[in-house]
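You will see two complexes here that share subunit A, one where it goes with subunit B and one where it goes with subunit C.
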Partner chain A sequence: MQKIEAVIQPSKLDAVKDALLEAGIEGMTILEARGHGRQKGHTEFYRGREYTVDLLPKIKIELVVRDEMAEQAIQAIVSSARTGKIGDGKIFVSKVDDAIRIRNDERGPSAL
Partner chain B sequence: MVADPLSLGRLRSRYQDDFTQLRQNFERTGDGSAAIRRRSQIVGALLCELWGHLVPGSAHTEMALIATGGFGRRELFPCSDVDVLFLCANEKVEPAFGDSIRACIQAMWDVGLRASPATRTLKECERVHPDNLEFTVSLLDRRFLAGSRALYSKFETDLLPVVILREWDTIVQNLAEMARARHAKYGNTIFHVEPNVKECPGGLRDYHLAQWLTLLNSMREEKAWPRAAADDFYGTHDEPESAYDFLSAVRCFLHYRAGRDDNTLDWHAQDEAAARSIGLETRGTSDPAYWMRTWYRQARTVYRRASLLIDAVPPPRRSFYKQFRRKRTPVPGTDFFLEDGRLDLAEGAAVHDGDSILQIFGLIAKHGYRLSHSTEDRIADALPVLAVQMPEGPFLWSCLRDVLLGPWAAHALRTMHALGILELLIPEFHGIDALVIRDTWHRYTVDEHTFHVIDNVHRLRQPQHDWEKRLAGLLPELDRPDLFFLALLMHDTGKARRNGGHASASVELSESLFARLELDADEREAVRRVIHNHLEMSAAMRRDIFDNETVRAFAEKVTTPSQLKMLTLMTYADIGAVSPEALTPWKAESLWQLYMSASNFLDRSVDEIRYRAAADPAFFSRITALIPAMSSGPAPQGRTAIPAPVPTDELRGFLEGLPQRYLNTRSPEQIAAQFRLAQALRDQPVQLAFRSLRQLSEVTLVTPDRPGLFADMAGVLSAWGMNIVKADAFSNAAGIIVDTFQFTDTYRTLELNTSEVDRFVQSIRDALTHKVSVEQLMRSRNHKPTRPRVAVDTRLEFDNDASSHSTLLQIVTQDTPGLLREIALSFTAARCNIAVALIDTEGEAAIDVFYLTKGGQKLDDAAQASLSASLVHRLAQLRP
Partner chain C sequence: MPFRRRTRLFLLLPLFGSSAVLAQTTAATPSISAGDNAWMLTSAALVLMMTGPGLALFYGGLVRRKNVLATMMQSFAMMCIITVLWAIVGYSLAFGPGNSFIGDFHYIFLHHVGLTPDPDYAATIPAQTYMIYQLMFAIITPALICGAFAERMKFSAMCLFLTLWAIVVYSPMAHMVWGKGGLLNASLGGKIPCLDFAGGTVVHITSGVSALVCALYLGKRVGYPKEPSPPHSVVLSFIGACLLWVGWFGFNAGSAVAANGLATSAFVNTHFATATAAIGWSLAEWIRNGKPSALGAISGAVAGLVAITPASGFVQPMSALLIGFIAGIFCFFMVTQVKNWFGYDDSLDAFGVHGAGGTIGALLTGFFASSAINPIFGAGKPTGAIDGNWHQVLNQLAGIGIAWGLSLVGTLILLKLVDLIIGLRVTREDEIEGLDVTQHGEEGYDFAS
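On to the complex of A and B.
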């Protein structure tokens, strides 16, 4: 099993969710996040005051999939989240040792 | 004595058969009340039989078997515990017959009952333990089953009333305290996606609580068990399904479904209950959203009654303040009294005056008072009479405005809604009464959501977090908060029509309300636009809010700063009212960011986006249609005057080149009126129109542009002691300016002397036509500025990118008398022309935006530096 963590632009959330569903992946966790990479922050002047946003709003999607589904999930995210501009985000992949379904104690890939 | 296994087996088998029969009856009829009464009967007979077998005859005069709690009420739900009390005459009885008692209890378990027994002597029942109040309360629902009737009679008639009356305060206050703790545990709301039918606010516990408090109040009055039945609580009088029958049916359904005492109405249970129409009068299948709507209606009725009774429980200790509040004070002009924060209708007073009733709700909205439950009952009973007494027109709007603007508006509206008054006034609201949007994120029904939206805006008066403080700054800047709150009240009424977008439907439903309130055209349009656009900001937030295109598209839908502020506040409140977790700091930050970007866009695009008749012929036609046909002169005798044709070329010339902002911030009627002023310029080169607004006055100037014009206008107003709060200055392609100034009359000159208005207007005309020197006017009326409470630093910001042909200059500085004139004189001295001016005030800060040109071009760096130095110097001189 592999854990996929994707930090994307908030405006791309619906498109990424749809793409993952289409790829047959239903379970995911969505988190509101802030951050930046090379993308600079944003400064707005409003009524003489400066408002600087260093950490831009992002969405983080976390999902755990079977090994054979990982690449499909990654491609679904990449194709739907990409705009080509700095700030599109990143995907991180790591191995998962086990997964347990709380309701009935089911373990392993079948618990996904 | 031990139970005979064969007898037990027979009893167990018989009980199982009866239980199965009960279930089948319930599934056929859906009658929960009948099912629980019948189970009480069956279990009662079974316990009597066990008693007869297991308790020796000698004990029958020394003990009594008493049903308590739900069993005592004859409400034995399918999987509920069976509460019984083994009452012993004295302390010798229990040791003597302890084996029999234990045998009975064991037999109950063996037969398949979940026994919840208690054993007490008569003397022990005299004591009330605050830590075990549940036992005392369970005795309120006692019922004789078997044993000594004499002992039971002594217990019920002699002992129990004395104990209850002696410990009345303790029992009642502890009941109230336990209920409050339970309500708090469930968030003080009936709105749960998966409610617990027993424990949740509005559930069976609250129903029983209302019964107990009613019974205890009656006992205090009558000093004995009340003669009338204490179980006289029902839902609202014309509800087809009583709250109790519905709740009972639901709980029975849940017990049978789970096979245990499970009271959670989870998502799947709701689907099944709806499919079987559990608790509904008509059998068949119903939609889960409709079924849950019934749930919320019943729960609301039960919760409201329980809350009112809890609220009426006297507190344990009275402070001096509370003793003061307890004083009964008449409410002037009404038949109401205020006592302890509750409004009571005087004894004997008839409830037929709709005007007084409405005014009372204004008081409730202002102070947070509650109505006593007896007063609520009397108002509810009088609804048919009140229905024909309710006012319309300006008085109704005045009362509604008082409610909407009060800090406790949501509380007042909930009270009005619960009593049916709100739907009398606004029948359009009926469609969203307890309307359920059945998904996992909408916590509330649509009507409750609306009240939360209104509450969320009012709560901004006391902001807690940084993002709330920023948004709170927008609230005092609303031009017409009353219209804004009216829009909030109506914004989701369209959800009752389940076809298509609800925003448009809400606008349609609001039209009839506008007519009843007799709102004018501008007021209706302001409310319409807020309702129509109320989802636009949320939609924009789902896109890239840092993208200029997103900001532009959103700003063009909003069109004016006034609408933007209302939409921002509405979006904040609307998101927060979906559920307590919906508005995260993340979302609030994004909301503020989008607001700032859109606000800046609106200010910075004014000079760029100008009206071209060729590009927007539809708008031109609308204005043309409003120009009244002008008579060519007196009609010949006996003939009708032939109207002159509408001067479309002149109109086109007037509109051409005006900033789109001008057209967006004026109604078509206002534009038509200002065109007429422009037409009159050939007779009088300075045209002025004065009008009084709610708390401001307004002067509109239409005249050919010239250097120093703006400075002169600002000077005259300052000389008269007028504090300019807002202004905008626009010019068309032909060089005609349309400047509008809104100001407060600091010294109340015009307010106290209405005849001065004409002199004031003439004074402006004289100054602008140079018949009078503005400097002389200002010297002759020297008003000393007051010391400011908040110091505002001066900040100047030049932007040569905002417009393709002018330089934007934003000035933020201390608002002082004469400020605008000094700024304008700096421009004149620097030979700068004002293409557009947007003047605003925020507290003690003046926030002014100008689009300037010099020699028809943008200001270069040198010109900016020179102007900047001049402004800084002049503004520093002005500071008190």
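On to the complex of A and C.
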């Protein structure tokens, strides 16, 4: 099982969700986050003082999928979230030790 | 003192200007005007609305989320505490006969303040209407000061300090400008008649200058000025500012103490000056920063409201347009340039808008006051410099100077006193955690629930 964490632009959330559903992935967790990579922030003024806002709003999607589904999921995210500009985001993949269905104690890939 | 009373009423005759009123003033009991009383009660309600929720929202939106309730509580506490103080002794100290500087205890517990008019102050409304109207001014003045020490003052210390301030600074200033025998009272024969229609000196200079003293005495917030603490909700501030604008019609036009042409003049002047002040501030900001902000526009509007306050019942409408525009630009300069030059942490710009706006407004009143609008010194007598009475500008300076002096000295002494008794500032840890939780045990917003 693989954990896929994708940080994307908030405006791309709907497109990414639809693409993942089409790829056959139904379970995901969406978080509102703030951050930046190489994308610069913007300046705001408050009472004559200029300050930089560099923590930009982002959306983070977390999925846990079977190993054979991982590449499909990644492709779905990449193709729907990409604009070609700095600020598109990043995807991180890691191994998951176990998954448990709370309702009936099912364990392993069948719990996904 | 019947002879003295009749003489003073005679001086007021040019304001009323009709022989029907002459018959009224020599009668035993002046009669109540339904229109005047209705307008004054409405005005009192409008002025209270300026504090709650006007100022509460305006200030509340400007602070960080962790301090929003504490900031709003400051205004609300004034609505409650000053009311009790006023009823017991505040009104008497401000509007009781007394001497040139302070009233006496003649009206303590509102003795002699009933439903018959007090002809010296307002011949056509019950004395209690006048009292309750003035109470709303006494409430908002200390509430304005809270802008200077926002986000770092103990609630208990604020309550004690502002209660004492209302007695030591507000009541004497109100007495001098509006009370019987007051030194600066232009309509009741004060020795140095200062034109202050609705409280440019009494409310805005006193609160603004006291705010500056507080900001300097308490010191800067943790992280100021390196870490910017931007408003958590300009939306709330916007709503508050609009409530202030509408409520101010009660503040200024109500100061005519009657539903007459003078109230109309004050209403029109108030509106005109606010509009041009917002434009002035926005233009200055647009030029300086490249974009006109909503916060700047509403701050400009408030600056205009402040500046027109002393002038509202004295100037021509075109003068009001000019006064507003000047105030908008002047206060923008005070808040963005001067504050940064000196580095004081006047958190919500109480001094930059009220102290500075009140000062420039009181000064411009001396220039633009016109007897065509309000012949306060008598029919045919010049009022301001525009009429040829340049001496009035000196009188304005005297009033401004007394307001500054009383505020500086009074505030400093009271801050020191309260600091010694219970301490003024919250601990550094409490300040970082936020006043809502540490002073009031609650949170303003609970997005999770």
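FYI, the second predicted complex is superposed on the first by the 103 of 112 C-alpha atoms of A that agree within 3 Å, B and C clash if a C-alpha of one lies under 4 Å from a C-alpha of the other, contacts with A are read in each partner's own complex, and residues count from 1 in each chain.
FYI, contacts are C-beta pairs under 8 Å (C-beta built on N, C-alpha and C of every residue); 3 or more make two chains touch, one makes a residue touch a chain.
Just so it is clear, the model here is predicted, and its values are computed rather than measured.
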Partner chain(s) touched by A:Leu56 [first = subunit B, second = subunit C, both, neither]: first
Partner chain(s) touched by A:Phe92 [first = subunit B, second = subunit C, both, neither]: neither
Broader residue contact with subunit A after superposition on the shared chain, subunit B or subunit C: B
Contacts of A:Pro10 with subunit B and subunit C, given as first, second, both or neither: first
Touching partner for A:Gly48 - first (subunit B), second (subunit C), both, neither: both
Partner chain in contact with A:Glu32 - subunit B first, subunit C second, else both or neither: first
Residues of subunit A contacting subunit B in one complex and subunit C in the other: 44-48, 51
In the complex, subunit A residues that touch subunit B: 9-11, 13-14, 32-34, 42, 44-48, 51, 53, 56-57
Complex contacts: residues of subunit B adjacent to subunit A: 542-546, 584, 586-587, 589-590, 593, 596-597, 599-600, 795, 797, 810, 812, 842, 845, 847
In the complex, subunit C residues that touch subunit A: 225, 228, 230-231, 285, 288-289, 291, 293, 295, 335-337, 339-340, 349
Partner subunit C, residues of subunit A touching it in the complex: 44-49, 51
